[in-house]
Structure formats: C-alpha cells, structure tokens
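Below you'll find the structures, each written out as structure tokens.
Note that subunit A is present in both complexes that follow, paired respectively with subunit B and with subunit C.
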Partner chain A sequence: MASEKTLTIAIMDAPYESANSTSALRIINAALEKGHNVNVFAYEGAVNLTMKAQQPHPNPVKGTSVEQEQHPTTKDWVASLFKLASTKDVKLDWVNCGLCVDERGAGDWIEGPRRGGPKDFLDASMASDATLVIPTK
Partner chain B sequence: MPKILNIVETAYRATIEEQDDTVLWLTHMLKNAGADICVLLRANAVNYAVRGQDASGLSFGENRMTHSPEIDKDVATMIEKGVAVYLVDEDAVERGLSEGELLNGIRKIKRRELPELLDQHEQVWHW
Partner chain C sequence: MANYLLIESRDPFDSSDSQYFPELVQGISDRGNDTVLFLVQNGVLPVRKGSKYSEAMSRLIRNKIKVLADSFSLKERAISNLVEGVEIADMDRLLDLLLEPGTKAIWH
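Here is the complex of A and B:
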C-alpha cells in the first residue's frame, strides 16, 4: 500500500567511483519497498548513472566471460527501481541535471529519468517529508 | 623491471558496482603483465586483509546481484601469485583487527618501517 510520504534525495557521485551510488540506490529501493514516493536529483557525475550505453564486461583477472561475470550496470539497477515503483504503485521521479548532462554529453539515458534542474530539486524538497543529500567527498 | 609499490588507503570504493577493488584489480593485471609489484594496505583499506568477508545479497527490485565482490579472496589470490601484500600494523590495531582475523601471508609492517619499504621501490603509487 502506497503511503503519503515522499523522500527527496540528491546524489552527486558518478557510477563506479564510490560506495555512495550503491548506498543511495539501496535507500531508494528501501523507500519504494515501503511504499513511499521518491524524488531523485542526479547532480554532476550522477547523471551518468542512467546512461543507456552502459555495457557489462568480462573479467580478465578471473578469466570470466561477460555471461559468467554478470557485471552490474547502474542503468539496469535504476531501471529495476522504476519497475519496483510501478509494482508498488508509487512515484519515482528521477531528474538528471540538464547542465550536468550537457557538459558530459550524457543525454542518452534509459526510459524513466527526465531532464531538469536545481529548481526541480528545490521544489521537490519543499514538497517532501524529508530530503537527503549524498554529496561527493 | 623497476619495483612498484601500490599504496591503497581508500577502502570499498565502488567495490559493489565493480565487483572488486579497482586498484587491486589493476595490480592483478599488472602482475599478469610481468610487473614486479606489491601492495601496501593502510588506513581503512587494512580491512581488505580480513578473512571471511561477505557482500552478497544486494538487490534492487527484482534485479539481484549474483556475483558480489570477494575482496579477501582477491587479496589471497594476489598473495598466491607472488604479490607481497603489506599492512600497516598500527592502522589494523586502531581498528580492532586482531592477528587471527587476517589472511595468511599478510606482511605486517610498523609505521616507522615505512620509509625503508618505500625506499626499496623505484615507483610508489599512492592511490
């Protein structure tokens, strides 16, 4: 059952750079599982989390193929979060910062996220029950 | 072949997404390519030497991660390959890590011994 609670979360880290991204996605997953709405403001390198062109790779150290390695991609993880939100009948509003997208050439992303800006983050935060910022350190 | 020392101090940096530690992975690759390379674990990265780590169970919706990082096994494999893995003893003690928790083959080194270790290597890469 969906709740009336809404969490806004701002993230900054690029994929494959720190544990912050995984932690943020885990928090989003937990909130959606509990039936809460979640707004995400992907800022700076975090706009790369949803890039469509991400591909898994084999691991030459372990000698594993692409199929054996099952290397995760953040775009697949985020896609699963959108699917989870749909299943739970709650809203996941994922905003990629447009200027951050432009300076990185990161405009081709999976279905789900939308282009926006800091004002979206402000509006979402004002309308939410809580806001969590996970910055790059 | 110049001797290389890889100093790793940032622990668990995107290890879930990468399924390993990127610097340890690079060390593996360079060793395979013939490098004379060893590793020094310091600060929070001393935890990489703790045996029995388990990062399994992560899932997002229906997407389950089937291959989790096994940092301790990666370190053990590296040691088996002939890569010397040093660990700053005081950093381990400060984090409550006891001798019995550490992998076999880890070479503990005191902070006062670091200058000598660094001097034994032509290249020191501090990640």
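Here is the complex of A and C:
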C-alpha cells in the first residue's frame, strides 16, 4: 500500500565503480518496498546504470561460466526496481540527465527511465518529503 | 533546531577528510540539533573494536550522539565486534530517518 511519501535521490557514480551504486539501489529498493514513491536523478556516469546492452560475464580467475557466476548487471537491478514499483503500485520516476547521456553516447536504455535535466531534479526535490544526494568521491 | 542525518560512506584510512567528519557531527549536535550518524560502506570500518579510529565513534556515543552502522556493510567486512553503543541498522531505518519531517541529510 502506498505511503504517499516521496523520496528523491540523486546519483552520479558510473556502474561497477563504487559501492555508492549498490547503496543507492538498496535505498531505492527499500523505499519502494515500504510503499514510497521514488524519484531518481541519474547524473554524470550514473546514466550508464540503465544501458540495455549490459552483459554479465564469466569469472576467469575462478574459472566460472556466465551462468555459474550469476554476475549482476545494474540494468537488471534497475529493471527489477521498476517491476517492484509496479507491484507495489507506487511511482518510480527515473530521469537520466540528457546532456550526460549525449556526452557518453549512452542513450539506449531499458524500459522505464526518461530523459531530463537538472530542473527535473529541482522540481522533484521541492515536491518530495526527503532528498538525498549521493556524490562521487 | 533541526534533525540532521549524516551518512558516512568513506574509510578514514583512505580519505583524510573522513577524520574531520566526526568533528562536523559533534559541531552540529553542539548547536542543539538532533544528530544521527549513519555509517555505510567503508564508513563502518571505524566501529570495529581496536580500530585506530574507533575512539572517534566512542566519543560521539559518549556525547549522546546516535551512531548507526549498516548491517549489510558490516557483514561484507566481517565486522561483528563493535564499539560499545553502536546500533546495527538497515536501509529501512535509514529511510525512516530520511523521511522524518524537517530532516537534513548529508552524504559523505
């Protein structure tokens, strides 16, 4: 059941680079699980989190295959968050910064995110119950 | 007076500005604000008993500042012997704190 509370979160780290990405996804997951609406503003390298063509890989050190490794991709994590939001009947509004996308040629996303800009973050923040900015180091 | 939620994600062994973060937490508290320090990722490393930086955490706790440590981050780093007074928490708790009206959240 929706709580009618909304969290806005800004993230900036590129995938597989920092534990910040994992923490951000955990926070978003927990918020959706609790029935909160979530706005995400993916800035800078974080626009790569939702790239559709991401592929899992085997682990040559351990000698495990793709299937054995079960390597998680961020696009799959984000896709599962959209699914969770739908299940919980709450809103997940994921905005990828358009200029950051263009700079990186990173416009081929999974279903769910939309293109936007810093104004979207400001508007979302002002309409939210809480805002959290997770900066890069 | 406001509610402050300070989130420390950095390792003091890796990031020298992390050593100033407890001072910021203490300063905000000293000005009469409700202050919570939530440790996550490598930010949990100082709560391991015997850590060079554990005294900074103990000092905050002695000064009645709530110090919470993310359970997931603790498990990932095999930290089970915690500085006395540190509370183990999860993302649900972080969300509850974040969504407390009037809370200012700062991620470091």
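The rule we apply is simple: the second predicted complex is superposed on the first by the 137 of 137 C-alpha atoms of A that agree within 3 Å, B and C clash if a C-alpha of one lies under 4 Å from a C-alpha of the other, contacts with A are read in each partner's own complex, and residues count from 1 in each chain.
Criterion: contacts are C-beta pairs under 8 Å (C-beta built on N, C-alpha and C of every residue); 3 or more make two chains touch, one makes a residue touch a chain.
Keep in mind that what you see is a predicted model, and the values were worked out from it rather than measured.
S.K.: Look at A:L7 in the shared chain and tell me whether it touches subunit B only, subunit C only, both, or neither; answer first, second, both or neither.
M.R.: Only subunit C; A:L7 stays clear of subunit B.
S.K.: Quick check for you: in the superposed arrangement, does A:V133 touch first (subunit B), second (subunit C), both or neither?
M.R.: second
S.K.: Let me test your reading of the model: by the given contact rule, A:K34 touches which partner, first (subunit B), second (subunit C), both or neither?
M.R.: second
S.K.: State whether subunit B or subunit C is in contact with more residues of subunit A in the superposed arrangement.
M.R.: Of subunit B and subunit C, the partner in contact with more residues of subunit A is B.
S.K.: A:L25 in the overlay: touching subunit B, subunit C, both, or neither? Say first, second, both or neither.
M.R.: first
S.K.: Is A:L81 contacted by the first partner subunit B, the second partner subunit C, both or neither?
M.R.: After superposing on A, A:L81 lies in contact with subunit B but is clear of subunit C.
S.K.: Just to be sure I follow: which residues of subunit A are touched by subunit B in one complex and then by subunit C in the other one?
M.R.: Shared contact residues on subunit A (touching subunit B in one complex, subunit C in the other): 19, 26, 29.
S.K.: Help me check something: in the complex, which residues belonging to subunit B touch subunit A?
M.R.: Residues in contact with subunit A: 12-20, 22, 25, 28-29, 32, 58-63, 65-67.
S.K.: Give every residue of subunit C touching subunit A within the complex, in rising order.
M.R.: Per the stated touch rule, the residues are 7, 9-10, 15, 40-42, 72, 90-92, 94-95, 98-99, 101, 103, 105, 107.
S.K.: So in the complex, the part of subunit A that touches subunit C is made up of which residues?
M.R.: Residue list for subunit A touching subunit C: 5, 7, 19-20, 23, 26-27, 29-31, 34, 36, 129-135, 137.
S.K.: Mind pulling up the subunit A residues that touch subunit B in the complex?
M.R.: Touch residues, subunit A against subunit B: 15-19, 21-22, 25-26, 29, 32, 59-61, 69-72, 74, 76-81, 83-84, 87.
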